[in-house]
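Note that chain A is present in both complexes that follow, paired respectively with chain B and with chain C.
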Partner chain A sequence: MNRKFGKTGKTGKTTELKKLNKAETPEKMRIKTTRRTRKLKVSSGAFIAPSLLGVLLFFILPFIVIIWYSMVDNPISANFVFLDNFKSIVANPAFQRAVRNTFMFSVVSVPLAVVLSLILAIVLESKIPFKSQFRTFFLSPLMVPVASIVLIWQVLFHYNGAVNEILGRFGTDKIDWMKSEYALAVVAILFLWKNLGYNMILFMAALASIPKDILEVATLESATPFQTFFHIKIRYLSSTLLFVTIMSLISSFKIFREVYLLTGDYPTDTVYMLQHFMNNKFRNLDYQTLSAAAILMCLVIIVIIGVLFIVEDRFGKDVEG
Partner chain B sequence: MKKGFRKLFAAGLAALMAVSLAACGGDDREKSGGDKAAAGDSFVYVPEYVSLGDENVRLSRVICSDGMLYYNGYIFDEETYTSRSPIFKYDVAAGNQEEIKVDMEGLEDAYVSQLATDKEGNLYIIWVRSVWDENNPDDWHQDTFLAKYDISGNTVFQQDITQEMNSDDENTYVQNMAVDGEGRVYLVCSRIIRLFDGDGSYRGDVETEDSWINNAVRGRDGKVYIIYYNRNGGNGGYVAAEVDFVGKKLGSTHAMPDNVDSLSEGVEKDFLINDRTRLYEYDLASETWEEVLNWVDCDIMGDYVQLVCPSGDGRLMVVIYDWESNNAELAFLKKTKASDVVQKEELVLGCMYMSQDLRATAVAFNKSNEKYRVTIKEYYDRNSDIDRENALTNMINELTSGKGPDLLALSYDLNVEQLVGKEVLADLNPFLDSSSALSRDSFVESVLKGYTYGDTLVSIPKSFSISAVAGKTSQVGEKMGWSIQDIMDFSAEHPGAELFEYVNQSTMMEVLMTFNQDAFIDWEKGTCNFDCDEFRQMLEFAASFPEEYNWDGERESTPTLLATGKLLLYSDGISQCQDIQVAEAMFNEPVTYIGFPTTDGSVGCVMNCNEGYCIVDKSKKKDGAWEFIEFYLNRDSDMFSWGFPSLKEKLEEKIADACKVEYVTDENGEIVLDEDGNPIISGMGGFGWNDWEYTYHPCTEEEIATLRELINVAMPMPTSNSEVLTIIAEEAEPFYKGQKSLDEVVSTIQSRMSMYVGENS
Partner chain C sequence: MKGKERKKAVSKKKVFAISRLALATIVAAFFAILFLMPIILTITNSFMSSSEISSNYGSVFAVNSNGGKVYISEKVNLKFVPDMVSFSQYITVLFKSPKYLYKFWNSVILVGPIVVFQLLVASLASYGFARYRGRIREIIFFAYIILMQMPYQVTLVPNYLVSDWLNLLDTYWAIWLPGIFSPFTVFLLTKFMRRIPTSVIEAAQIDGAGEWQIYKRICMPLCKGAICSAAILVFIDYWNMVEQPLILLSDAETHPLSVFLSKINAGEIGLAFAVATIYMVPSLLIFLYGEDYLVNGITYQGGIKG
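For the complex of A and B:
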């Protein structure tokens, strides 16, 4: 509130007050502001409405439908069974296996994707020759379509593929990689190969945005590179770290595409992922189990992301505005 | 100003988004008939019938020209044992028909092979006469004549074209004829077109690069076009091409829809195309076709349609010849507003493909039922971009979302068990129990049992056939049924002989798994044991067969191989009573129908159903749907169905017919005796190979008893576990090729199956 119209002096009424139009008294001013605010809100709402409608139609409503599907026995008779579908999938051995495999894959490949891409970003940030060529080299897998990548991997890791051919020269027996216990490792390599470049670019951008003066001060204060990295750079990278971790986590779930193309609907138990379970349930018209599995997966991801946000908030609080 | 412009711009963007959302999902009606439009402006074609000819005249060829129908018939005089081939003319406007008398000099004993007219109404006929050598009945040839008659029936020319027709061995028969706007004649002979000018002189041939020619027709432009299957290039598929008479070559090709049954000159566009299910109008320039009508919606059996042409008064004239009743009639189709026609309650019947039997049944039902009318919704259209798998997905999505049809036709790729599990299909038991026209006892038990899943009877097929395996009784014993170990031992006892014909490693594994998919799976516990010894033995056994079958062209015939013991088992398809004789005839000694091997040694016999319909549980017209099923099952006509009837009464009639002994009689009705004084049994048909022939005989009691036993044990092939076969086939291949050990393969199969079973238990 403008102090001119607040506490007046001993004279009580000021010249400015006298100059006020009757219509512009504080009460009327408040009304005018409220009316203006309401008008603004209405017009903003009108412009946001199409997007909101889209979000409602394509995200929120389907989610509500999925919740409904997960609580009925089938879409034809629609008898309410509450949590029976959830109980049945939790007890389902295939679901348990899928959760275990997906968890193992994410636990191994996501941290690797973050750490390795950070290391690459740091290396490429330093003064090395052919920096831009290396950058292109690491980014190029992003541009290759998934089907082409799968084709390459099949050529490499097929029972009669190049890797077995090379290993054979060293006297090793052939391994059917995608049907052995090494299948998850092969998929992890594929995942890292595809995603490192993107993460690396994000880290490089984040590294470039760290204030140079702080780093100079640290150097002047005889801080070691180790200390500079962990006490300064990491803190400034915290939001990017969070973002990269979330994106890598999402990408780790999307690895289903590659695994599906490599191994089909029913792979061996070492690479049977959550999305296999859900895709097959969809094919078999078992929408109830599919919906229940999707909701469970959603809840787990919400928890993980929530934890990540809390960690980031605590860790990077002091460097954010 | 700037702010105002920004607001305006944002509002414009929002409006654009809203408009584009409103336009999405628009209905593409380009290729659908106009009668599918919203109620209020939809049209139907209502037929008016006029009888054509009488039942003694079998309609053979029919053409239309300038308001006149020309057709020829075939009349056989049973008293004099003579036949003739008269030509008739029907005046559409006047509604009367008369026989055209033509000069038959030089054409004695000839019959009409083809008819055509030109734009002036002159008639062109191909006459064919078969000539036998009296001394050698096997030596015969055909004389072919091309004749032209004017409107009054006077001969304009008559040419003997036998020499031209016999210029090569393959293209000697005229299957189609057309006359262009200049009176030049085009004769379609298998793969070539022979050209004759206006006075009947031969002018040469046009070839089609070895493609069979389906049709020839004069277009609205007066040129002649042929329809054939183009194997080459981007225009692969059925195409139409103009025949260039002068250049003696084909013009550029135009893509046509699949399954063109007949073609005629168009009304507003170039051609009218009948594919037995629908009538289309085709435009040459844009190579597009638009549906005009669906035959079932017009209560016409599309297979009986001989010709469609404009009647000249805005109606379409359809010549219909019913092969069953020998009845020929004209149907004049008038385009009428749907609201002006008496409305019945619509039953929608969903199918992947509209079979002949279904079309015939739907037409008959629609004609006879006063309350309901069946509309067929065909999900798979070969002329559309949607492939069969996506069409099946669309059908299943509609069913599971509650928007499906009222009735569903069973299809080989429909997973019935899955649909039953989702409660998509209604239980027919209450309908059957309360029906006044049918009863449970009136059906063959194994048919009802085969289509009952749990407690739900999903369908009652009208007819069925059986697949079973037969072997020599002296080798396989008398008892029906054997286990997998038995068949492996049997094969080992006969080294050097083929177990089954045309079988390789993967097909042998399929045979072994035919009835045994669930033998290694415990669905209740959600476990499987494919790493057991029995399954290993099956894989090893299958691996002993060749990788690819050797399709040697000089191979001995199947009967010879069976009789000499070089082939041990015969996989028999039995669709009529006499088929039960085939195996014994081929083996040349008594046989046992041992069946496909099973893990428990029971008889493995497959029941293949002809056509079956289910009621969709969400339908609000279940009573009407049941009326259709009742009608279908009670319908006498089996013109388009095959196999054994599901109704016991009809099955017994068939069996009685098959057992009936009829003797050859003379003209006085006296039984004719052979050289030994025995009566000669009337022929019941037969079949053969190059070196072997068999004539059926009336079935004996023992044969019928065997047939009944097979019918009792036959079961439909399970469709739910095709994934089991797929996984086994994929993983077994490296083992067959020697690339992987048995242990590795079995371990992988067990791992993959565990996931499959665990997921679905």
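For the complex of A and C:
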């Protein structure tokens, strides 16, 4: 790079500068760094290229096509109808039900997912025996494919299943859980079983990063554990709390796999989820409805992530200050 | 007098601390039982003979002539320990009916290439993102983060369209290619690589290493841990997949075991436990060896803004 430097178009300028020996260096340095950065930009950009090409081809490009599809009456005749597809999908009772169910599921499971995993993290933070074993136990559901344990769920929550058996001893009537209004709760239990470990790890990392001296001062000032928790730890946990809430919210939107494995293609009304709706549309190759639904969903997620970024900015400052 | 009082206060505190610890242990034990029960039940039940299974779960999974589920007896008998340990289910699954092993093999074929090539593509891209931070690159990276969070309801539609255009529907390429280019690990690895001190890279440059050599000789060895974490996370994600094959592969023969398990005939419920156990084994083994990597991977994913 040094050898090439003299050959730039600015030769005249450099010879001129050579006379002023001291002024030469910064100018030279500046040109050198811009050249080097440009080279670095290109050579490191080449590393991104394969991934970027793939993402463009498999995600971005077709997504642009979807935006177009969502605004035409059908992909073949392609008459522009603007928002008609969105209007019809919002008016579609099946879509409404799917949205309502998904929303209900989120309302039930997200707060539980956050609170229970925080409790687990706090429990693991205290000096209980067999700590690392307990962590392993809590994490194990994360590794187990849902498909492997739905059998147990079926045994538990069947009409003649174990849960009814136990409840029956207390005089409750038998119900077919997966066909009742509690089906959503059964799915929520499976969802929590699977996802609590993940959130717990995030909380444990956040708890571990709280400065020890502050906690020590609190103990010296004879603060009760509850006081330390609500006045100190919660403040440091706030950004993780938000992150976990939002991630749980997003993963609660994805709920389908569990329902599908428990009930197959045709679930009861209460657990009819967005993905079921989409699957039906795939079967009919109803591109414009699919596209409109996908775009609506995408917008919702973007708004949620936007909230995460904006609020985390504020909360981040709150903790630092 | 005062000393006595203080002693009293201290012992009170001690009692309080001990009871708190006891409570924490009880909570932990309670959850541990809840978390482990389904896994242990599946494993132990896979060692029951088919007659024991049908006498235990006859009321839940009994079969009528149509293959549907009807109820014959009133009671279900959920048992942890089989009356007699029997390997008959495993013998059937492994040697007598090859369709289960075939589906298992489908899963392996589907997941293996995705894990390997996604890590390759993503580690290259993360090196690019970590090595230089410009405006355009930050925008692309941000797009990756957004894309990473998109649920299947959103991403499957584009995937389906492209597979349709390229005539890849009903082939494994329809799942492999979007999987390989999925931005999931780019984020995680970039975050890790940005922590590598520039002085290390500069030292290599002075020694005459090109970008490729820095990537291969310096970045990759330093990121071994992060790559293991990413590999585990990708593996869990795809080993568990249900949505993609349902939509992109119409031929049920080509489905992975994760989808097929839900369709096992009610009459073969004993087999289903054995198959479910076999399906868990790879992930449980990986978990036993790589729990710390998994924990690190999750921790790295936390705090999207990094």
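Rule of thumb we're sticking to: the second predicted complex is superposed on the first by the 260 of 321 C-alpha atoms of A that agree within 3 Å, B and C clash if a C-alpha of one lies under 4 Å from a C-alpha of the other, contacts with A are read in each partner's own complex, and residues count from 1 in each chain.
Here is the rule we use: contacts are C-beta pairs under 8 Å (C-beta built on N, C-alpha and C of every residue); 3 or more make two chains touch, one makes a residue touch a chain.
In this text the structure is predicted, and so the values were computed from the model without any measurement.
Per the definitions stated earlier, placing chain B and chain C onto a shared chain A by superposition produces a clash between them.
In the overlay built on the shared chain, the residue A:179 is in contact with chain B alone; chain C does not reach it.
By the touch criterion defined above, A:74 lies against chain B but remains apart from chain C after alignment on the C-alpha atoms of chain A. Within the superposed three-chain model, A:293 lies in touch with chain C and out of touch with chain B [touch as defined at top].
In the superposition on chain A, no contact is made by A:99 with either chain B or chain C. Legend: residue contacts after superposition of the two complexes on their common chain; A:249 is shown touching neither chain B nor chain C. In the superposition on chain A, contact of A:188 is made with neither chain B nor chain C. When the two complexes are superposed, the chain touching more residues of chain A, out of chain B and chain C, is C. Legend: residue contacts after superposition of the two complexes on their common chain; A:160 is shown touching both chain B and chain C. When the shared chain is aligned, chain B and chain C each come close enough to touch A:47. Of the two partner chains, chain B is the only one that A:267 touches; chain C does not reach it. Residues 43, 46-47, 49-50, 159-160, 264, 287 of chain A are contacted both by chain B in one complex and by chain C in the other.
The touching residues of chain A, when paired with chain B in their complex, are 43, 46-47, 49-50, 74-77, 92-95, 97, 159-160, 174, 176, 179, 264-270, 272, 276-277, 280-281, 284-285, 287.
Touching chain C in their complex are the following residues of chain A: 37, 40-41, 43-52, 54-55, 57-63, 65-66, 119-120, 122-124, 126-129, 134-156, 158-162, 165, 193, 196-198, 201-202, 205-206, 225, 239-240, 243, 250, 253-254, 256-257, 260-262, 264, 274-275, 278-279, 282, 287, 290-291, 293-294, 297-298, 301-302, 305, 308-309, 312. Touching chain A in their complex are the following residues of chain B: 7, 10-11, 14, 17-18, 396, 400-402, 418, 422-424, 526, 617-618, 723, 727, 730, 734, 739-740, 744, 748, 751-756, 758-761. Those residues of chain C whose C-beta lies close enough to touch chain A in the complex are 20-21, 24-25, 27-28, 31-32, 34-39, 41-42, 57, 59-61, 71, 73-76, 78, 121-122, 124-125, 127-129, 131-132, 134, 137, 140, 143-147, 149-162, 177-178, 180-181, 183, 186, 210-211, 215, 236, 239-240, 242-243, 246-247, 257-259, 261-263, 269, 272-273, 276-277, 279-280, 283-284, 286-287, 291, 294-295, 298-299, 302-305.
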